[in-house]
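Below you'll find a set of structures to go through.
Common to both upcoming complexes is chain A, partnered first by chain B, then by chain C.
== the complex of A and B ==
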């Protein structure tokens, strides 16, 4: 029994010390406590003819006191390949300047224009600290930082969970804040200004960098329904302010005959500088025999006019007395377009905001996958999953399908 | 207004659920990793990253997230 509660500052120092100094002489101290739980994963994501991503992740977590934990996660994200620039395919080849303005690339007739100048590496680190505030009240404080060559993000979050009804009901509230800085290659293009069509052509810019502030709120409840059933309901709200435009996306401008207009055939996109996102999320977990079903549904809406439905199912099918499992995964996402989404623009009819990014259009995503898991011992597990993802146009805009393969390896152990 | 209705709905659910649940000795299944709401956090994290980059919706399961240029 603990007679005297340690002061919070002491807890903070203990947590910080064991996090920072593990691996040195302090490891001896850590070893006397509990081992580190290490979760690692390697993701390979590859789109047909477009982007390929390699993403290793390592997360560690340790109990540093009674129900008190510290955790840290490191992510590297390496991307190569080409991304649609927003322009439409035409009957003749099209030439675009790269974002830096120093080179050009040409898209053959009849093909979706893809900008192949993306080669990016992103590093992200996050840490969290979970601590009991009271017998029934738990807090998790977190921070995260990420950096890529044209984008930096810094964020903090806090989540509080309160157990009620003999721990059968848990109420959760979470708050998050982040500030992002965007430094686009070649400067921040003026929204809806002409895109230079020759190498060395000057684009109209508004400085070198922009910022974006995001605040988030979560209100949630988890309920134990029975010995084998759980239900979770969440509401989330996020407010985004600042530069929400994609500085590398453009739109084609057509004349009365439906052809690209002769002068300035492309303009940079422009999105509103504020967005309020909301989502209602329901998740159920139920055990059938030894198998477990996870099913969730999310309804999402925002003030850009985007609404969406997301259905997600995982069924863990146990094999060989619980040593192995197979887990099929099905996910279906259906989205209605943003108010300012346009497949292309008409000459003399340029709106105040416009984007041809297919991710803001009427579209669906279907994912089908299978995971294999091998349980090697307590907190010692290997996993591999293979999935196929397909994104399709669902409205009038005839943009091309995007298909991708997702392959992931996982290994978890105690250290 | 929508937000207020949702808070009210959650409060009502919390009230209605006070008669549900299990006794402490019935928690054997619920304590297992596979019965947690998020049994494999890295899988969920990587999926969130993919769909945040490729779709226009976010949120629902948690707070925060994002923090990338995402082409």
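== the complex of A and C ==
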């Protein structure tokens, strides 16, 4: 503890230094420049014969005070293409009504039924404010809003980071809340009610809109293990309440002979109206010379019976003294299905909840990618990333495998 | 430290200025010269390199053919020093007194106990006590131009050498040209005058390595310097971690132990690079009170914690 105030010594020091140097300088003019940091990216995601997404992102960040920052981010998602509607392929062509009920589409025999009326644009904006509360305590407050034609989401979050142990340990806690509103085209279908099979057919609905509330908690710790090694552990918990069903997904109902039942062959899916999701995440970062390795593992589980393991590895090779870098990426994701996942349903044995959404089924994805980065001086950086993703049904899940290509360009600069 | 006998000098043409690069004092050195006159840029580059190497040659404690070696191996005998060395010793004495003993050019021997490469063990109290017998400006006898060092003591001008070289080069450059020149020796720098059209030289302050690990990309702080000197003390990479405790590389010459709560780095702007360097070093030595010290001195500063 320091008991006395520091004494002013600069004038004496200036005089002595000028004797040493025989007087070189007259004055000092130096100030910190706080440029806008701009990160922009364009993402292209395309599944074979299915969905294609174009996603431009722009984010800006500005220092507004000592270690105080404001940031803003704008994302546009444009989705086109077709997505599996949940029905199974059959020996004969199948005809479905579009969600609006005004038109129909037909799937040829032997093919996975895809809803091609699937195209949408989503705009999302988020802002955050980072500020030191104390020398060791930092807070980030954020808000986000997104809108697409049938979905609106509004959320707020707060994250606190506390440095301990001479900044070798950082404890983080975060809270978030969001409220979403869903306005499905053609109304909210009654869960497990029959899907009309002719244009103009009436579906059973429960009003025009539904809501969903999500609260989240994050507890994390980052530990410096050595001058070149860092370990991060996070636990996340999210509680979702409300309408968690996909209003456009359906299931095929089969009779005793394994054929689509004659009347009402399809029903709308229905999921429970609450979900508790938890995850444990461990990440290690190690520097090898100028190169950096990131390795992480995530275990996820929820009260719908879904569990998953995610392994992620990327390695940044520095080239030409940091002017370029190459970053190979490898990711493997393995998921166990939800309790109410069914590939199809049996007549007279309809459960309380059911979904045929492959994203709730037994599946795995393998991603292999490479990123190239070019550092153009202090304030410009360009990157290009190409990845291939293989999605496979696991166990005896009979749904179709799929592949996707991801291509991203990004450019960051200060101005 | 091996110094190449004919170090290369690199000249690059940029938009509106030349950049002359060379290596000296274990650091990348550069001059940014706001001119279109290539011959002038080449001349100033050579001038700067020669002066930097002269100072390194004369005051490096890693050589066996200079005045520092002679002093450090004098075995208690008096050494008569030249004018320039005497000026630097006077200045070191002044800084020692001004800082109540916190700035001490005899503290280098403590480095025998502390090797900040991230792995070495923390030394024991006895070792440090023994080394402290050989530390302390008050134990040497300086009567210009004569210096008497006790057996076992050493001096090291490394704490001001680079900043002094920047200021010396600035003086030489200003005698040759009126254009704006930024002299940057491994992050210690000086701008001779304002650039044309109100522009300033832009300097990035590096963030600590572990911040780089935390985030994908950390924007460096950007400082615009028009005139004057700027110096940074501290290096986040140099420390020891033992039993979960991090020992920074700033040693208190009175106790022999690292200063508690020292920032990762302190950057100060002042009328000369040497003054900026002394203020930055003294601020580091204040540990957790670095900011209080800098506020009292009323100088522009940037602290990275």
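FYI, the second predicted complex is superposed on the first by the 381 of 415 C-alpha atoms of A that agree within 3 Å, B and C clash if a C-alpha of one lies under 4 Å from a C-alpha of the other, contacts with A are read in each partner's own complex, and residues count from 1 in each chain.
The definition used in the following text is that a contact is a pair of C-beta atoms (placed from the backbone, for glycine too) under 8 Å apart; a residue touches a chain by one contact, two chains touch by 3 or more.
Since this is a predicted model, take the numbers as computed values, not measurements.
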{"item": "Partner chain(s) touched by A:176 [first = chain B, second = chain C, both, neither]", "value": "first"}
{"item": "Chain B versus chain C as contact partner of A:292, first or second or both or neither", "value": "both"}
{"item": "Which superposed partner A:90 touches (first chain B, second chain C, both, neither)", "value": "neither"}
{"item": "More chain A residues in contact [chain B versus chain C]", "value": "B"}
{"item": "First, second, both or neither for A:360, with chain B first and chain C second", "value": "first"}
{"item": "Contacts of A:35 with chain B and chain C, given as first, second, both or neither", "value": "second"}
{"item": "Chain B versus chain C as contact partner of A:46, first or second or both or neither", "value": "neither"}
{"item": "Touching partner for A:135 - first (chain B), second (chain C), both, neither", "value": "second"}
{"item": "Chain B versus chain C as contact partner of A:403, first or second or both or neither", "value": "neither"}
{"item": "Chain B versus chain C as contact partner of A:414, first or second or both or neither", "value": "second"}
{"item": "Residues on chain A lying within both footprints (that of chain B and that of chain C)", "value": "165-168, 222, 224, 226-228, 230, 285, 287, 292"}
{"item": "Chain A-facing residues of chain B, complex", "value": "2-3, 6-7, 10, 13-14, 17-18, 20-24, 26-30, 34-37, 39-43, 45-46, 49-51, 54-64, 66-69, 71"}
{"item": "In the complex with chain A, residue positions of chain C that touch it", "value": "87-88, 90-91, 94-95, 98-99, 118, 164, 167-168, 170-171, 174, 190, 194, 200, 202, 204, 209-210, 213-214, 217, 219-230, 237, 239, 241, 244-246, 261, 269-272, 274-275, 278-279, 282, 286, 289, 292-293, 296-300, 302, 305"}
{"item": "Chain C-touching residues of chain A, taken from the complex the two chains share", "value": "2, 5-10, 12-14, 16-22, 24-35, 37, 61, 135, 165-168, 222, 224, 226-228, 230, 285, 287, 292, 378-379, 381, 412, 414"}
{"item": "Parts of chain A lying in touch with chain B, wherever the complex brings them together", "value": "39-41, 43, 45, 51, 55, 57, 59, 73, 77, 79, 83, 118, 120, 122, 124, 142, 144, 146, 148, 150-151, 153, 155, 157, 159, 164-169, 171, 174-176, 178, 180, 182, 214, 216-228, 230, 232-238, 246, 248, 277-281, 283, 285, 287, 292, 294, 296, 298, 300, 302, 304, 306, 308, 310, 316, 333, 335, 338, 359-360, 365, 371, 383, 385, 389, 391, 402, 406, 408, 410"}
